[in-house]
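A short write-up of the structure that comes next.
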């Protein structure tokens, strides 16, 4: 099993243990003193965790030593990190398909020639109560980076 | 030229005329009484415009009759609507690659079995001033839809 | 083995046990008090089952504890859920290829700008007797969702 | 322009003329004495029309001779007939992704080794009124064809 | 190992046992009372075999119980059933590439709007002796199915 | 327009002229003194025609000089020669998918290590009358070519 | 012609005019007061030019007004900007294939969790004389961006 | 496990052992008397190592005999050597997308018809301190190879 | 029309003019004083020609000024230079598929770690008479380039 | 493990044993009384070996019985036989990309309508000494096969 598979497998162990213990992602986030989304993505495998963070989570969830060690392997951020055909994810892809050129155009008008960083970047997820059906609110917040001219 | 090409071409005419006249997307949005992102995506081709809306925008931008007629063709929301390899768009794709499973997992925990709609959906773009460099804030807001059990 | 493989494998165990016991999908559906298609797709892996539902089915089919536990893993709804080149499935793909634009056009005329939901959605399968050869009748029933204008 | 492009282009002419004249697909279907979905797909390019049928539709819609001639070119049923990334069509693709193996399994149980024809096949579309939001009902009806054993 | 892999693996066991015993496909076909090509494709995994047929073949070839059980798993007819880049298969693909439109055109002229079935279908393979080098003769025989008009 | 497009376009001109004149492919084949399938594929663009052959066909069909000249351009036998998603062609692809390994295996048993040529190859198409519905019979006849050992 | 095609076409006009006038990319860079690589990529279409810059270059190269206007269209940085199978470009792709994981690993060791920016980025190309054959030296210089932890 | 997987796996063993021992890639390079990047790519699997080199590294890192033997398997330089969707690597791909045609054009002007070798090639990675944020400097240095004319 | 299309189009003009004049590729090669294969590939678009070479060929073939100018555009060596599904080309691809690893292995044994250049490379094509049918002999001759170790 | 994997794995065993024993491919070829390239490709998995040939090689290399049995499994000639992105193989692919249309054109001129066989085909590899660097010479020799006209 490659490191990447090992790291992703550890993420699945976290999900199972979390559900068995009846814990929430917010409780895991509080344990690490990090935000909800960062913590979830770190435990699922997309952010680095050091040995101490891995131990804390392992203790809380009752993971074995192998899973704990796996949690501090390098993060997995390539294509294998998600399945674009999974329905929840696909809706977000489709939103980019529909609104992608508008986002590009509006950034160009407002900021000039450059991009919104996916590295100096945060993501928040919030439930918005609504009598017609509650809503999911995702906030993408990334630094604008101007293209260098030299 | 297919209807889709004609509609996208009209969007490019809008961009050129807008820049020539020194107008902003916000001014076009105000003309239609719609939000900034909806208006931009409608004019670029991803939302429907009726004949009256097309006339209003055409008058403001000085478009010819052909371009005005093209603006009320059906919207273009498939793959050809954007280029996923364009750098601004790619950063958003990469963010989904990195955070996709976390979003899925958090929606599952918070809302249960279902998705965030890309249809009953709004998107806002905002500039956040920051001394270390201004930031782009994108807010995706979609209704949660539970899978039907029958 | 990933969770997804485990869930799909459990589905194959169900098929084998069902055939060995001489049970029908309708009998399994009756056990759960759900419809035929929902039950089949839940047991094959595309709908969530809670622990109690998994136990009921496990008892009826004589599954081992591991398979029963696997049945309540999260559903698998991405690309790996089916093989588009399998002949039965391909005929349905081809029907969409042939009738897709007509469906789009007729929904647009009848309902306006929006889609037919695949989430608030039911599917039924029925045998229609016919002297020239019996027929398969599939009924797709999905809520119309209008695009939000904001 | 190839025959296929010419035939699809004629379909777009039909849509524009139909909207300009304020006619419905049902009225066009009545003119031909055919069903709603067959007529729509024939006019959009996926079923054959003979010269007489093309003339009738052309007269009703006021099409020019070139478009009328194009309507009786051979039908276009390959990949170029639709765009799988268009949101309405995608939802149907996703439904097949989620329910494809169930359909296969249920046909196998009920009918034995074979397929549901996409040729000896009809499709109906109906609006189902519902206080929680109207629904789209699609009925796929295809002859079961058993695999030949020889 | 999935059912499909298990079924295909059983087919490879058949080939090895057949070669070890010095039997021919025709002898296996005679054992089942079926044609040469149907039998070969059934044993390689593309047609269904019932328990009795699997036992007969197993006895003749000396297969173990696991392989015999695998032979009556559902047939595997999707993409994984063959490798299009294998040279024998590729020549047939290329023949379709070269003659595909002619076949389509000639069926249209002779039979009208419809297809040649791949389900109500037989295939024969014959050696034709020829002083300039023997030839392979493949006969594809499929029922013509007219498109339904409704 | 490239030579390939020009040659394929000439094939479409042939089809239209043939239908306008009420001629059959067999009559065109008789004019050239060639078989039905070879002639059809030559006129659609997949076999070479010399100037004299092109003139004969042109005279019979009343083609203009440009189309006649195009008919003797080099044949087009690559991927663009056909559309694998067109339903008639797809059925043949699927038959190869289902029977490809059997054909390979039977050629290996009967002839040894080698292939069936797609070059020293003929193809015939025949209508077989059948009270349960007429059938299409395609005969592929190719020389066996043994792999050279050196 | 889309804006992107128009911008890339203007780049080709620049190359032809430059060669006809016997100018070098360095002379064009000096005219703009920018570096060699930035100028080349701007004129070929990958960096923005304002109207004044376009006029300067147009005057120097004797371009017509249409080409000059095209030079200040938005830059084209997506997939269509280059052909990865062109041999010069392929060698660089292959170098990334061979050294990609090493670059990743060394950045991780030296800088920590983050990336090398492709936006706050410069590229230089230099000829290095060498008795065994001159060498091309490319220097990629990008700001390290640490992943944000929040 | 194929040789390629075995070689890449040995590379992952090196990374883990190196981190456990607190060594740097530079220390490993010094042990071999080679440059930093060559050593890293050799140990990760993209350059050949002889038995003696493998032993030296194995001794330093405390690898077992199996891992040491794996290190001298042939190098792995094909597609599986890296993941183009991994964010660090993607930035470099994007830089080629943006600057590829410029590099091609400038090599053509300066050197004539030919390529920059990826074989007679070195790569260096350096940290450039910068008050606005340190920078990664990559130097690609490849021999110019003119196309042979014969 | 892009430069690449223009260059490839000029190649097609050469083929037509050559056939109309009854000239051979060898005669064109003699005119340029170059080898047969280099000349053919240069005229079809894959090698550079200077203005004088283009004039010579243009005079011999009676090309117009536009075609002559097009012949000295930069060569086209990317993917669009050929069609891998064309049967002649495919046979060569298949030979690489079958013998690729052997070539790699034998070069590794005989020359060590490196490649056979496709740049310092010649190709010859010869007819070999043979009573059992004449043969095509292609000789690929490329300089061995060792991987640099640094 | 499928037969194909087993056969390819046996090829890797051969390479390791050959290197451990210090034998060359030529010595293995002499043992079989076959040419160098045929022998190499047979042992790597692309040509058939009978039991006696497998035993001879097994004895010479000291292979175990399982590997010897695997060597006489059917050859593997499909896509999985090689990796087109491996640098040695890629150079040959690129040569076909650059010279493919020329080879096609020259065969058409010299031999007429047909192909060069990849079955009645031999390949030789030779080292050509050269003071400027030794060269690899590959000779592809295939029978010309004319397209049948019928």
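In order of appearance the chains are A, B, C, D, E, F, G, H, I and J, and numbering begins at 1 in each one.
As a convention for this text, a residue touches a chain if its C-beta (ideal position, glycine included) is under 8 Å from a C-beta of that chain, and two chains touch if they have at least 3 such contacts.
Predicted model only: the values in this text are computed from it and were never measured.
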**For subunit C placed onto subunit F, the superposition rotation in degrees, Cα atoms, nearest 5** = 180
**Fill in**
From the listed A-B, C-F or G-I, the one duplicating H-J with over half its contact pairs the same is G-I
**Message:** For subunit I versus subunit J, what separation do you get between their C-alpha means, in angstrom?
**Reply:** 24
**Whole-Å gap between the CA centroids of subunit H and subunit I** = 33
**Complete:** Between subunit C and subunit H, the Cα-mean centres are separated in Å by 48
**Item:** Mean-CA-position distance for subunit D and subunit A (Å)
**Value:** 42
**Complete:** Residue ranges of subunit H touching at least 2 other chains are 77-79, 83, 85-87, 94, 97-98, 115, 117-119, 121, 145
**Asked** Given which chains touch which, is the overall layout a line, a ring, a star, complete, or other?
**Response** other
**Item:** Residue ranges of subunit E in contact with subunit C within the complex
**Value:** 2-3, 77-80, 118-119
**Complete:** Residue set of subunit F touching subunit C in the complex reads 85, 87, 90, 94, 97-98
**Complete:** subunit H residues touching subunit G in their complex are 11, 15, 24-25, 36-37, 40-41, 44, 46, 77-79, 81-84, 86-89, 91-107, 109-111, 115-118, 121, 123, 125, 127-128, 130, 132-145
**subunit J-touching residues of subunit F, taken from the complex the two chains share** = 34-35, 38, 47-48, 74-75, 108, 113-115, 117, 119-122, 145-150
**Request:** Report the residues of subunit F in contact with subunit D in the complex, numbered from low to high.
**Result:** 8-9, 12, 83, 85-87
